[in-house]
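Have a look at the structure below, then the notes.
Lettered A, B, C and D in written order, each chain numbered from 1.
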Amino acid sequence: MSLPETQIPAAEASARKLTMVEALREALSEEMRRDERVILLGEDIGIAGGFGGAFTVTLGLAEEFGHRRVVDTPISEAAIAGVAAGAAAGGLRPVADVQYGDFLFIAMDQLANQAAKLRYMSGGKISVPMVMRAPVGATTRGSQHGQSLEAFFTHVPGLKVACPSNPYDGKGLLKTAIRDDNPVIFFEHKLLYGSKGARKEAGGIEVLGHVPEKEYLIPFGQAKIARPGRDITIVANLLMVHRSLQAARILAERGIEAEVIDVRTLVPFDWDAVAESARRTRKLMIVEEDNLTGGWGAEVAARIGDICFGHLDAPIRRVAAPDTPVPFAPVMERFYIPSTDTIVATAQELVSSY
Amino acid sequence: MSLPETQIPAAEASARKLTMVEALREALSEEMRRDERVILLGEDIGIAGGFGGAFTVTLGLAEEFGHRRVVDTPISEAAIAGVAAGAAAGGLRPVADVQYGDFLFIAMDQLANQAAKLRYMSGGKISVPMVMRAPVGATTRGSQHGQSLEAFFTHVPGLKVACPSNPYDGKGLLKTAIRDDNPVIFFEHKLLYGSKGARKEAGGIEVLGHVPEKEYLIPFGQAKIARPGRDITIVANLLMVHRSLQAARILAERGIEAEVIDVRTLVPFDWDAVAESARRTRKLMIVEEDNLTGGWGAEVAARIGDICFGHLDAPIRRVAAPDTPVPFAPVMERFYIPSTDTIVATAQELVSSY
Amino acid sequence: MSASTLDKTQKAGMFRRMVLCRKFEERVYYLFLEGRLPGTVHQSAGQEASAVGVCSALVEGDVITSTHRPHSHAIARGLPVKSLMAELFAKSTGCCRGKGGSMHLGDLALGMLPAIAIVGGGIPLATGQALAFQYLGRKNIAACFFGDGAANIGTFHEAINMGAIWNLPVVYICENNKYGASTSVDKVMKVEHVSERAAAYGIPGVTVDGNDVEAVHRAMWSATERARTGSGPTLLELETYRFSGHSRSDPGHYRPQEEVAAWKQRDPVALYEKALTDQGILTEEEARQIHDSVEKELEEAVKFAEESPSPAAEDCLSDVFA
Amino acid sequence: MSASTLDKTQKAGMFRRMVLCRKFEERVYYLFLEGRLPGTVHQSAGQEASAVGVCSALVEGDVITSTHRPHSHAIARGLPVKSLMAELFAKSTGCCRGKGGSMHLGDLALGMLPAIAIVGGGIPLATGQALAFQYLGRKNIAACFFGDGAANIGTFHEAINMGAIWNLPVVYICENNKYGASTSVDKVMKVEHVSERAAAYGIPGVTVDGNDVEAVHRAMWSATERARTGSGPTLLELETYRFSGHSRSDPGHYRPQEEVAAWKQRDPVALYEKALTDQGILTEEEARQIHDSVEKELEEAVKFAEESPSPAAEDCLSDVFA
């Protein structure tokens, strides 16, 4: 199921490096060129002299595609989601966005009760090919601008959920999301946007990625082994992939070879890849930025614990944010967001104590 | 931590039997008599000649307490939740309700971003003592009137979550919820309301419970051993407690003694009780009506799997609804809702195969 | 079809649809009483002029959205009664293959999005449909039904504003039947007419006698003209009344008996029958034939529904994803 | 205090508050540039007359709610500048003990709910506060600040309607600064004035020059009178302009330079200073003293904030539940 990084078509072959923002922007413009039905809906996404959305992803697109296709909306998140769903049922392929993922709660009924269920309630007669982009992650903006919300949407049947960790995946997954005939919630991490061509985020990490000029898609439901290893499996998404990779490098210095799996999509989820790796390393941990209780990691632990019962030498452990809102003060926020140190310590404990 | 059923103060001692609806109504009226600050907010809750809310819980309360305290609202779920939160911060103790839990998504921002976080964002200076009542469970009303939504709220730090399975607990937990200084989401199952003094629900089960006339409270975070057993632990809530008890009776005929734990509150959760039982029976399963992926059972499986690692003889298994919206046709809905048969079969497999 | 020139055939057709709506609800009422239908139901007897008047101004390709009270909308839009009845019977031949039920009736291919049972939830969807029509350069419009109760929910505000600023081809139709469940409209809004709220969005608001099917038709017709010619939405308020309780379990004791009686005096089906026969558009014999043919159609629909196969239990698992 | 009789001391006090708001924002601007403050910030220079005019009509026990742009509201309401500055510095002496930050400034005991950074999210909360006042028989009111952008979100509609039907003691205050982030107000609503929307709820809507602090005071005063006497809410629209970009990272290129220049001509702080000195209410010397004392207060606030202890990392875990 999962492709080791080296097998990914042309990823490393390309000399061109892009930031996440550039990669996502390219995905949008390629898809808009390819398919006239693709339109964008969101706040401040196309205003002349404006931002190109809260994080510049749509910058320049109104200039190329016009305001008919890059549609600036009022601050009306419920209607943004619902209008996107209605337009999708009506034959368009809208890509909507909220400026911060936290605002998805406002649109929750339209996403979870309408977009997600229209197909089912109609007995399969309707498709709702829409994408809702949403930036997540804590960046010293306090409780209402820093949540990770993947778990809420992973729990809604009828929604797909993507969460790329790097520009290459970002582009390939966004293109796939746009072509998918189902509603897709597409999470982007604020600290991964990169600084080139993007709004600079304090604490952001510079993830420049090889992005081939040739078109490619990344299928949903295929996790990626971001780093192979034999001693323990670390499953992560978004920013936590990078923390986990950094932790793996530190662990390697201590003789522990951690395998890091980037889930890439949470719905569908690549159960085979994770189960295979866990059976092989016999130890599993999950790293997510979301609050511990009820995070998506709980589902991974529950299901892998079940299907790999007897094949694991240690308890499945989760590293996640504590069960608190996101605090403002950087000192507390650093405590809140799972750190490389915690990942290292947890892996080390699992490897040495079991 | 957990109290075996027999120790519960005066529960079985009382001769008086009430339905859930009667017990909840009594909790509301007792608390309203006791504390002038308790008010009710909701749609159709106090209209003369009306319903007393969608399921008659507030019937008669406007007559006793007047429309100043039993406040009929417009159909404005976001404002109902937000006004309740604001009034709570302002010194009242509002008990709000939505007619069907499914509508909580409309109020999600006010619940998850505002009510849940006000205290935290203020550095602990504000309390938000409100209750949001919400009926859950599938009752042949289709996809938008039958969801179980506990997992969404269990995942929001700052919210408490209660889910009584019987009239005795319903009354005691609702009174505790009203006195709690935090926002509490209070889930009620439509099929447990009972028919006496309530709107009759097809498929509803008649859970008449001993409810003492003397006042009592049930503390949050104390699970209840609804039936003791030595062979396997079944953790459940709401309607699924009854299915699990029924399954336990069937299992007993086959020589398997299942211990059934009624969680009663999901936040706080009685980890000690479940862990203790699981360690004792060495087998654990979780039964919930919610969709499998990301249900609250995932957290239970994940955490107990971790803390009881090595103490269990079988994988932790979850019995839950499939990952689909709630279908309308009764034949499909019966398939959707976890059945006694499935619980029996799952328990039997765990006991006999491991 | 043009508003000013409804011809005999059209009028007779509208009348027949109204009768079909009414008798459908009557049948459904008894089928429920007899325990032959599962779930619950929100009936629309008394509101037929609104449903039929609106849909009589629509053309092929237009789309309606509806609510928890969708039966008459679906019938007025022309969905086959068989497929509606079969859906209520939870059969696989139902318009939603048994997955939707009463509250989600619809068939997009036939011009009706599955009804949305979350009050106000369909308003953004209708607006999105209209955006698609505008974008694709179609001459179609979306007709968005909702109740007076929905006028107080956030999506009403957000979506109508969006429809307004983008001049979308959509007509927002508030069936003001004076109550949202048990709650009288004047308990929950201070304005007398929902249509007064149109001003907040800079679009026309019109209040019409919702029990006069031709008045509804005319008002809807002008609204569709505006919508089709790029002038944007209208908020059309139709004053009407439901004869039954809010839902199956509701006897409706919160409504003064005189009020109910007064509205029953203005039964839209009876009124139109009288108007058409008075005007000599229908003979009494023709009217009778319409009633009979409707009975027959419903008889067949019930038979069809009853004889249709149930879905399989495992069908629960399909149709989640495309 | 009565609207018609603002005396010298009051006017001087209002002026000082405005200067404090302005200079607070100037300091904060440079503190951010210097990298001494974490996170982001939405500044309100240019909108001081609105914040101070509104709060000058409030009394002890009244409560304001605010937005992502709360600094001037907090200062106008009289929260100690030290505790605000300390919060921006993320210190444990901050008004939210470092947990809130710029977007959640507030202190309920001092009459300000923590600011709500979800656009429109505070409107139901303010309405709930007002419900509590009404229920408890207090003579207090809630003053609910929000922007023009918030006028298009569902909670605006739902909560104002509730305030209206229950005649709650609340004033809904829309600071219309012509833009929601980069989006000009006339792109997203068809009405010219947000106050026109009041009619949809059957309450008065008033539009006032938001850069004229005494005009704001007078309008707010009448609105509070209505609210305090049980006559219900008012929707008060204050026309104003922010001098800076939307947030720290925004240079504001979407606004025509002439527009910005024209509004800077109407700088509310300068206008009021001129009015007060022209009218002889303040001498130039007194005005200068006010500026100086404000500088001093801010100097101390920064010093206090810098010297205050940071919260401990583990403080993250407290204050989730009461």
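The rule is short, and it goes like this: a residue touches a chain if its C-beta (ideal position, glycine included) is under 8 Å from a C-beta of that chain, and two chains touch if they have at least 3 such contacts.
What you see is a predicted model, and the numbers here were worked out from it, not measured in a lab.
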Chains touching both chain A and chain D: B, C
From chain C, the most remote chain by mean C-alpha position: D
Selected from A-C, B-C or B-D, interface repeating A-D by over half of its contact pairs: B-C
Computed distance of Cα centres, chain D from chain C, in Å: 46
CA centroid of chain A to CA centroid of chain B, Å: 32
Averaged-CA centre spacing for the pair chain D and chain B, given as whole angstrom: 41
Inter-chain centre distance, chain B versus chain C - centres from mean C-alpha coordinates, in Å: 36
Of all residues in chain A, the ones touching two or more other chains: 73-74, 76, 78, 102-103, 106, 109, 113, 120-121, 142-144, 157-158, 323-325, 327
Residues of chain C whose C-beta touches two or more other chains: 96, 98-100, 104, 116, 118, 121, 152-155, 158, 161, 165, 187-189, 320
Topology of the chain contact graph, where touching chains are joined (line, ring, star, complete, other): complete
In the complex with chain B, residue positions of chain D that touch it: 63, 94-100, 104, 106-109, 113-114, 116, 118, 121, 123-133, 135-136, 142, 154-155, 158-159, 161-162, 165-166, 318-322
Chain D contact footprint on chain A (complex, rising order): 43-44, 47-51, 72-78, 102-103, 106, 139-145, 199-200, 202, 322-325, 327-336
Chain D residues within the chain C interface of the complex: 152-158, 161, 164-165, 187-191, 196-197, 199-203
Contacting residues of chain C [partner chain B, same complex]: 38-40, 90-91, 96, 98-104, 116-121, 149-150, 152-154, 180-184, 187-189, 249-250, 253-255, 310-317, 320
Touch list for chain A against partner chain C, complex: 39, 68, 71, 73-74, 76, 78-79, 81-92, 94, 109-110, 113-114, 118-127, 129, 157-158, 160, 180-182
